[in-house]
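Each chain carries a letter (A, B, C and D) given by its place in the written order, and its residues are counted from 1.
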Amino acid sequence: MGILDKEFSEGNIVIAKTDDLFNWARLSSLWQVGFGLACCAIEMMATSASHYDFDRFGVIPRPSPRQSDIIIISGTVTLKMATRIKRLYEQMPDPKYVISMGSCANCGGPYWEHGYHVLKGVDRVIPVDVYVPGCPPRPEALLEGLMKLQEKVRNESMIKKSA
Amino acid sequence: MIYEWLYNITGSSILSMFVVSLLPLFVFILPFALLAVLAERKVSAHMQDRLGPMRVGYHGILQTVADIIKLLQKEDLVPAATDKKLFNFAPLLVFAGSYAVFAAIPFSSIFIGSQIQLGIIYIVAVTGLVVAGILMAGWASNNKYSLLGAMRSAAQIISYEIPTLLIILTIIMITGTLSLYTLSELQTSYFWNWMILGGPATGLQKILYIPLMIIGCLVIYISTLAEVNRTPFDIPEAESELVSGYHTEYSGMKFAMFFLAEYANMFAVSAIVAIIFFGGYQSPFGYLGNAIGLHWLVPIEQFFWFTAKGLFFVFVQMWLRWTLPRFRVDQLMAFCWKYLIPISFVILLLAGLISLI
Amino acid sequence: MKTSEEILNILKDKFGDSIIELKSDKPIDSFVLAAPLEVDKICMFLRDNSDLQFDSLMNLSGVDDANGEKVKDNKGTETINGGTLSVWYHLESTKLKHKFTLKVSTERAKPEVTSVTEIWKCADWHEREAYDMYGIIFLNHPDLRRILMPYDWEHGYPLRKDYRNPEFYQGMKVPY
Amino acid sequence: MALKTEEMVLNMGPQHPSTHGVLRLELQLEGEIIKDVIPHIGYLHRCFEKHSEAMTYPQVIPYTDRMDYLASMYNEFGYALAMERLMGIEVPERVEYIRVIMGELQRIASHLVALGTYGADIGAFTPFLFCFRDRERILHLFEITCGARLLYNYIWIGGLSNDLHPDFIRLTKEFIKDFKPNLKELNDLLSFNAIFIERTADVGILPLETAINYGVTGPNLRASGMKWDLRKDDPYSVYNKFDYEIPVGSGEKGKIGDCWDRYFIRVREMEESLKIIEQAIEQIPDGDVKSAIPKRVKPPEGQIYTRVENPRGELGYFIISDGSLNPSRVKVRAPSFVTMQVFPELCKGFMVADVVAILGSIDIVLGEIDR
């Protein structure tokens, strides 16, 4: 049971402030699963390395999915790999986020037509929060994607949404 | 000391005991662990031509606060195939073990959680709890990586306790005390009274002690490094081999407990090295408070010196971590049994002979 | 150093019938066509003969020659009947520094070639790949399983020219 | 009474911090000793060969980039070379020089990743970041030349997509000047570190006979003691105009062909590559880089096998043309694919920690193994 499992039917100042605090904590400390797939993984590594430094945003790679908040699908997802990615995603504790990095993970990329073994978009197996286009995306693009995700987290709320 | 002072104010022994026992946790361990994690990230970043956390607060000073609040919110996963009781209990045991060490550590002459006469032995014994906790975590996780990590960890910690204890035995033999407070008081006034420079002994004896003590200090620092699973001895959680070792399956707050325990332990072992060889809370140059007649200043200065020494050794640990590769498990054991233990035996013997002079 | 013609003559003397012909009419690489079920013996000879010493198999590739009869069924799906699948061996001697190309063709309906894994260990995965992609059966191969595709893939051999994608694999849609 | 013991099967990957991508290894263990390793590949099988059959010849080039994504320039180089030989195109000399410069820069970049991640596998994380810092400089050189950091589509059949940037020569000289001390720093920090030597020397020894039988090529073969480099032994492009050495494993810290040899060969190869680049930028002639690009790539019917010395070994392209605009078959002899087969042989009898050390030392790229 995480704290966030509780939903409130109406908002008040306490909940609003708690929301802000919790959202701030979550967006400031997005730990990533240390997991690379293909070409984009090299750019992801370059983003973590000295020149671009993912750590500035509080993103550190964790080897175990149990301790991470965000999974960056960096590269082509093949049919053989898709079931593993789904399992990996299920092993992560809530709240969890997904960045789909690069055209291959978004939609199959250059392999969309004849790729008999390529899954055309990782969103066919797991839900995606942010899509980063590019083949491969530059590290700046991935940073931008992360900031978009932070924006999304910032606007989350524990208040139950009325229909 | 603090306990008596509180007892005088409140008049209740239970209440004051309670406050005294919680004091190190809130005054020291938690803030230290938060700062140490941040420092680790900043130190490593600057060693690697990076900046480290920059976005959370000024130069990222709130980074670990955010991390902890985030870990609080995380779903507390208990995988289906685990032994649930042990799985839930293990992080508590590890945390309790590393917290209990602080009870006997003299932060200054008036701030000691509990002035146990057998202080050194108590610390070594309580560290054993950590091994039990780690084994428990590895076994209960029902994960092969965790199990391998836990087995390695148990073997490693138990082996490296032997040279640690032998060196401690040498010190006990020289000083004739088991109490950390007495040990610190023995090394009072100036830095040439520190154990690393022969302690309170005089003349030829002191000169003969110095090389032994320097080697002993290295041995004990290396073995304590291994006991807290830091690089180059971090094989129980070796990221590139065992994913993250015994805490692979832990998430959320339970993982945070392992994490905090690790950093608390780092300080604990650094403190032990500081107490035994570097005068504990004693200042190297005498006290400002005594010089200008403000005697209440002395304990504060002592606290400062103690933390400064402890933090310096923590920094060295970090420095080593980001410089050195890691040993393999058999090399690690060979290093302990083939080099450290014989060396510490020799030191024990020589120190015994010298003390007869 | 020996040219392909000289190597062919040595092989002709030794094996006779199983060597079919030398083709050098097409540009660049000339190659020798051999019988598919004799290829392991030929290769063993190529490796162990002191004049040849082909100690390294550079490449082994399966090829769909697509030279059969193309049939369309009423849904418009095209399949190829008859014709051949081929396996190409590119050999090299690191000691004598000469190269040699060997080709075997086998019937599409019953594609069987003897394995050369015993001779060059590196043929192992190459042959598994050719099996995976073209369905060529390598006789005497120690471990002939799919290698790149999932082990439970049941929708044919993807690099054959008449391969059709399945709609779904384990509940995941395959076409775009 | 004999104890009944069971073998433990440990599954490593496809998601594991040090399998260099999506490799899955099935380790059979007795305690921590490896009894057998079964590699499972194909988690990144992106159907390169099917795509190349559906594309026209020039359209295949971007797909070759994505095979070995750490050495894209060299993949294009090999493919362009094969097509030029098949079609009988003579390439202007300037193009050849630029290709060599790009290829050698790519070799340095690729080796930097290999060495950096190897350090991280052994447990030293800092060299990894130092290597990436230097690699970033090379990527910048590529970027000003063709606009891309990782996958370039720069070397075309018969030429190049565009000429060098006016600053390129100056920046390359600066890079070489800065890189030499950094290489020394890497040696101090990692190569001659006592713990690192302890971990890698005498581990995962690859005997020469086994290496040749398994078709191992490139730095791994040279580390086993054989002077075999296609740049010298089967010369292509303008490599015979330069003066450089082929480093060979010497068993300096352990036995010939151990992990440390395989590691250090790469360090020395980077030095040799620097020499080639230095000579090439001195000698580079003027000329038009696009003059020999054919309007329509329609090779005659036939087949060709061409190979180049990729940073990982012998990269071969086997192209069958049926006289149309699309290739009838493109088979790639990927060096990592072949090298990976020898991996179980290397691991037997060593420990779990050594698996990581050995895997890092043979330097595989999964994109190339699975294609």
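Throughout what follows, contacts are C-beta pairs under 8 Å (C-beta built on N, C-alpha and C of every residue); 3 or more make two chains touch, one makes a residue touch a chain.
None of these values were measured; they are calculated from a predicted model.
Enquirer: Which chain, with its centre taken as the mean C-alpha position, is closest to the global C-alpha centre?
Expert: That would be chain D.
Enquirer: If you average the CA coordinates per chain, which chain's centre is most distant from that of subunit C?
Expert: B
Enquirer: Taking contacts as defined above, which has more of them, A-C or A-D?
Expert: A-D
Enquirer: Centroid from C-alpha atoms only, then distance subunit A to subunit C, rounded to Å. What do you get?
Expert: From the centre of subunit A to the centre of subunit C is 44 Å.
Enquirer: Where the centres are mean C-alpha positions, what is the separation of subunit A from subunit D, in Å?
Expert: Chain centroid spacing, subunit A to subunit D, equals 31 Å.
Enquirer: Using mean CA coordinates as chain centres, what's the subunit B-subunit C distance in Å?
Expert: Taking the mean C-alpha position of each chain, the two centres sit 64 Å apart.
Enquirer: Could you give the separation in Å between the centres of subunit C and subunit D, each centre being the mean of its C-alpha atoms?
Expert: About 26 Å, centre to centre.
Enquirer: Show the residues in subunit C shared as contacts by 2 or more other chains, in ascending order.
Expert: 148-150, 158
Enquirer: Which positions in subunit D are in touch with at least two other chains?
Expert: If we look for residues of subunit D contacting two or more partner chains, we find 16-17, 42, 45, 47, 50, 129-130, 133, 370.
Enquirer: Which positions in subunit B touch two or more other chains at once?
Expert: Within subunit B, the residues that touch at least two other chains are 48-50, 239, 243.
Enquirer: Mind giving me all the chain pairs that touch?
Expert: Listed in label order, the chain pairs in contact are A-B, A-C, A-D, B-D, C-D.
Enquirer: Going by the contact rule set out above, which residues of subunit D touch subunit B in the complex?
Expert: Per the stated touch rule, the residues are 8, 10-11, 16-18, 32, 119-126, 129-130, 133, 189-190, 193, 195-196, 198-199, 351-356.
Enquirer: Write out the stretch or stretches of subunit C touching subunit D in their complex.
Expert: 26-29, 31, 55-59, 61, 63-64, 66, 88, 90, 94, 97, 101, 120-122, 124-125, 133, 146-150, 158-159
Enquirer: Using the touch rule from the top, collect the residues of subunit A that touch subunit B in their complex.
Expert: Touching subunit B from subunit A are residues 1-5, 21-22, 24-26, 28-29, 50, 53, 55-58, 60, 62-64, 66-67, 69, 91, 93-95.
Enquirer: Give every residue of subunit A touching subunit D within the complex, in rising order.
Expert: So the residues of subunit A touching subunit D come out as 33-39, 41-43, 45-46, 49-51, 61, 63, 65, 75-76, 78, 80-81, 84, 88, 110-111, 113-118, 135-136, 138.
Enquirer: What residues on subunit A touch subunit C, complex-wise?
Expert: Touch residues, subunit A against subunit C: 79-80, 82-83, 108, 112-113, 116-117, 119-120, 124-125.
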